Amino acid sequence: MTEPSDAASAPREQSINVARGEPLVVLQDVQKHFGPLHVLKDIDLTVHHGEVVVVIGPSGSGKSTLCRAINRLETIESGSITIDGKPLPEEGQELARLRADVGMVFQSFNLFAHKTILENVTLGPIKVRKQGKATAEKRAMELLERVGVAHQASKYPAQLSGGQQQRVAIARSLAMEPKVMLFDEPTSALDPEMINEVLDVMTALAKEGMTMIVVTHEMGFARRAADRVVFMSDGQILEENVPEEFFTNPQTDRAKDFLGKILTH
Amino acid sequence: MTEPSDAASAPREQSINVARGEPLVVLQDVQKHFGPLHVLKDIDLTVHHGEVVVVIGPSGSGKSTLCRAINRLETIESGSITIDGKPLPEEGQELARLRADVGMVFQSFNLFAHKTILENVTLGPIKVRKQGKATAEKRAMELLERVGVAHQASKYPAQLSGGQQQRVAIARSLAMEPKVMLFDEPTSALDPEMINEVLDVMTALAKEGMTMIVVTHEMGFARRAADRVVFMSDGQILEENVPEEFFTNPQTDRAKDFLGKILTH
Amino acid sequence: MSQNASVLFDAAGPKARTRYRLFGVLGALLIAAILAAVVWKFNEQGQFEAAKWKPIVGGELWTAYLLPGLWGTLRAAAISIVLAGAFGGIFALLRMSSIGPVRWVAGAIVEFFRAVPVLLMMIFSWGMYVKYNLVPSEYFALAGVVTALTLYNGSVICEVIRSGVDQLPKGQREAGLSVGLTQQQTLRTILLPQAITAMLPSLVSQLVVILKDTALGYNITYLELLYSGNTAASNYGNLVPLLLVIAAIFIVINYSLTKLAEWIERRLAQRGRSVADPDAMAGGGIAGSTAGPSLQHNRDLA
Amino acid sequence: MASLFDQFDVLGAMWMTIKLTAISAVLALVLGTIVAIMRLSPVPALRLLGTSYVNLLRNTPLTLIVFFCLLGMWQTMGIELSPELSVNAFRYAIIGLTVYHAAFVCEALRSGVNTIPLGQAEAARSIGLTFGQSLREVVLPQAFRGAITPLGNTLIALAKNTTVVVTIGVAELAYFMADVNEQASDQLTNAFIIAAAFFVLFTIPMGLGTGWLSKRLAVKR
Amino acid sequence: ACGDSETPAAGSGSGSGDGVTVGIKFDQPGLGLKSGNSYSGLDVDVANYVAKDLGLGTVTFREAPSKQREQLIKSGQVNMVIATYSITDARKNEVSFAGPYFIAQQALLVRKGSGITGTEGLSGKKLCSVSGSTSATKIKEKVPGVNLQEFDTYSKCAEALGAGRIDAMTTDDTILSGYANQNQYKGKFEVVQGVGGDEIYGIGIKKGDTGLCNRINGALKKMVDSGEWKKAVTKNLGDDYKLDSAKNPPQAAACS
């Protein structure tokens, strides 16, 4: 694997040194249909500890499905997905436990609308990790502080702007201390001036060595934070490369075409 | 009024020469509240024949309201809005006639879902302009050709991609031969790879000399096609300038801050 | 549908599937046991005697009682749905009128008819028809049934249409106005056609309500299924078996209507009701959708 | 009009309507919730059972259901709910009203669940909550709030539908109307005005109340 | 004389030789019962006899629910109503009555061997009647402790009695006898008479049609004299029906 983008800050270096080379998420020959539609075709993908992988591709190419399959929000038909060497459990407590280890951030935030910001962040630690309320809240406040919304802790999600909600969603995931975080277009429901506040949090996370799989159209983020860009089209992974290489010199026509559409404006 | 459309190529220079200087849309001291919220404060804005004005500003700053007020989809409390020298009628036939002269393109396309593409475009000419069906359809097909969706004429809106729908919406407005076109974030509901196909149509329109007021976050478009950029914040117009000047040298802190947020990613 | 039916829970794994199958078997056994107990009791009381069921298999009971009753049910329902549709359409327009007092009066009338039980209106209007001999006396009961069903269901349909217009995306109206259509033209050519199409499933399921409510005509001697079943039972002495048969007829007809409504709904969705509330697309429903517009409950009752 | 009050037990009929409504409402809410949980459960057999229940009950006229309760359970199967026949009929009326409206309560709750965006349950599961936990912590609290309005509509319909039990001789307001029609038909208009006014006054607060409640408890999105 | 002139009008074409429409009950065994596509019962037999005697042609039966009887007559939908139609002063204001042709009395229907022999035995027993009927009210006055179930039809009471869920039902002895004689209950029930007052069955016709009234009364007299009346009673109400011969066959009242 190539070196991450020039490693500006210390923490990343360390965690990479510890973990780099160890595969964390491994997909092998994954297949998935929706009815007649073949949405995931022969997907092989390995994401290593501390690596940041950005997935891009046209609408409908299967990026979300890929992301969701890793969390088993979608089942796959054949092939295998392993996390930290263990295959995805199929059900029950084990599956729940695995999901606690895989953070997921959605396009539409999905904060629990009837709970306060603080409750959103502490729910998982209390119910799943069985932490005490005080411990959970202390940790939650730290995380909210870190994403910059600590002063909103007692509000309800609807009272926050989209960018703030998404940062809370990231804090909620982080509270579970996940091994890997999945982001499915985390900024595409946001007003433009809020996009950066979320991308900044994500970039910081990447720098700290979090393993991340990010579906996004934000090419700036991909260049800045990704170790690798994966290009999907029609359910297939067509290209994988370091960002610089991918953006300046895409190999396939599909990728060229896609980049052409997306980069000129 | 200039001849916007009969010359397919390079008419912009001409029409500007003809019309530049004649005010078309004039807002004077416009005020508007939503409850306690003062959404339009002392708005003064003059848009000339053939001019392309891009309105930018943070979310909630009143851009949409401004746009909608010009079409009287929102009423204003005081001040005046005139189009081609005539104040906005308050109701009835006259208001309808005025609206026919002001094209409006919405963020969410708003094609008539129960009518085909062709019917969407011919509805106004037939019902409002009292054109014959054949004439209206002939003209509609020309416009659909121009925006590149003529082959979809007999489909229903839901069968088209977002980008295609938005181009139809533009054709629908053009079919009324409007004096001015209003665009309210026409690309922000689109997938990234469809944004350009819409911006291209709008750029062409601008080149042909159409008078346009465009609310958008697409800075590329603003640089490329705008004669003037208007920056709004908290219901006020804080800056007006030619694009180059505005982007490189914003005068107010608000504008600097906003551009800072929006341009880095 | 089946794929998307519910995201409330995960797709079942092998263990869950086994467990579910076990639940299924146990549940089936339990239900079979309850049914067996009921059947045994019914049998003890002779409800399954040949004497009680033979007439039902034979043709005479059908030609002399049930079919005329069914005809009465269908006839009252058909007349009522037509009149209620007209009533609802007119009152919807009145309730959306730009003249305040018209809106207000129409609203009061509609709300009144929605608040008063259908049966009371039936008894009352029937009493009036009889007392003042307002229609030929052979139609007293029919008129009573139709009047009550029309007033109630017409009011409901009025609200359905109104909410149909309300549920259209705001942009549809605005786009109509922007093209230069007047308020009236926008209502007529843009909003109402979409509202009525979108509400078609609700309107069809309103038929179920009307059909069921014709059975209230029983109380005012209207010759519908339940009434004719009772008359038949006076002769054959098999009321319980007959009620079972009548319930089956109602269920079959109403279930078919419900399915029809669902089919229409799917068709509309396929043809691309982009008019549906955008929220609904963003995720209006984690339980799978057949619930339809929120008014549906109200209307399915009574 | 005063003579109606002397001649007939109007107040008793109103009280009967209120009792029927209140008791059936509580029972229907309980039964309907159980059916709704079956319909929403991951167990196919339970879902089938819940769906069948709703389809059967919802498509049968209430009059028939009330008959079945009394004729099937009391007369044929001999289950007597009280040695006092009027109480027995009253209780069967409640059973009939309950089982019928439970189907609608179930549908109201389901539509409440439908007001919850898809992502909520997924988000719950993706932080590691189990099915039961996500139901308890995330889905049901929101579903009940979203269901308040349809539940209110069901309650109003239930109040009006109590009139149907006149057929088994429970002395509520339709019984009163029928009685007047039989014995003092010149007073029918007055009787209708009294009964209609009662229902308007009885149901309007229900509508306003549930409207207020659903606004107050609404989950803002 | 003036009655004669009204008769043809009353039937609006069906009153004279080409047919007559008679309102009866459809659901009362022994009196007026629709059995498949034909009709049976005392009321039906009386109607047929009268129609034949008066040369009215074929008889068409229509259902005449209690509440609609006056209007059916007034509007000319039926020429006569013979449907356990008690003569009362209130009704006389709206229609005229021929007859009476039978005087029934309130009675109880009980299971054989139940030991109930009269109203005294009813205390604490379960009694069934039809909602809003006067018979139930009367019994309640006499025996306050009675345990009353009301249904909307007598058939339901009869079924409940047959199933043993109630101890007695009450209404006119004619109707009760009709049930006691129905196939499915034959031998199971017995009628207990001497419970309450008389119900005087008349034939309702258009008000003031004394001509028709007199002709019907003539026919009724013939029916009694010829023995047809007695035969009809026995056939429909059963051999063991205890006819109160002090009152029956009744003397026709003067037409007015």
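For clarity, chains are labelled A, B, C, D and E in written order, and residue numbers in each chain start from 1.
By definition in this document, a contact is a pair of C-beta atoms (placed from the backbone, for glycine too) under 8 Å apart; a residue touches a chain by one contact, two chains touch by 3 or more.
A quick map from chain label to UniProt name: A, B = Arginine ABC transporter ATP-binding protein; C, D = Glutamate transport system permease protein.
All of these numbers come straight from a predicted model, not from anything done at the bench.
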Contacting subunit B as well as subunit E are chains C
Sorting chain pairs by contact number gives first C-D
Centre-most chain by CA centroid is C
Cα centroid separation, subunit A vs subunit C, in Å, comes to 47
Whole-Å distance, C-alpha centre of subunit B to that of subunit D, is 53
Taking each chain's centre as the mean of its CA atoms, subunit A sits from subunit B at a distance in Å of 37
The distance between the C-alpha centres of subunit C and subunit D, rounded to whole Å, is 16
By the touch definition above, subunit C meets two or more other chains at residues 7, 10, 12, 16, 45, 130, 218-219, 239-240, 282-283
Within subunit D, the set of residues that touch 2 or more other chains is 71, 75-76, 78, 117, 119-120, 122, 125, 166-167, 178, 181
Shared-interface residues of subunit B (touching two or more other chains) are none
One finds touching chains in the pairs A-B, A-C, A-D, B-C, C-D, C-E, D-E
The residues of subunit D that touch subunit E in their complex are 71, 74-76, 78, 80, 83-86, 88-89, 166-169, 175, 178-179, 181-183
Note: in the complex, subunit C contacts subunit D through residues 6-10, 12, 16, 19-20, 23-25, 27-28, 31, 38, 41-42, 45, 47, 112, 115-120, 123-124, 127-128, 130-131, 208, 212-213, 215-216, 218-219, 226, 239-240, 243, 246-247, 250-251, 254-255, 258, 279, 282-287, 289, 291-292, 294-298, 300-302
Within the complex, subunit C is touched by subunit D residues 40-46, 49, 55-56, 58-64, 67-68, 71-72, 75-78, 101, 104, 107-108, 110-111, 113-122, 125, 131, 134-135, 139, 149-150, 153-154, 156-158, 160-164, 166-167, 173-174, 177-178, 181, 185-186, 188-189, 192, 195-196, 199-200, 203-204
Within the complex, subunit D is touched by subunit A residues 71, 73, 92-93, 96-104, 106, 108-114, 123-124, 127-128, 156-159, 169, 172-173, 176
Per the touch rule, the subunit C residues reaching subunit B in their complex are 169, 171-172, 174-182, 185, 189-190, 193-194, 197, 271-275, 278
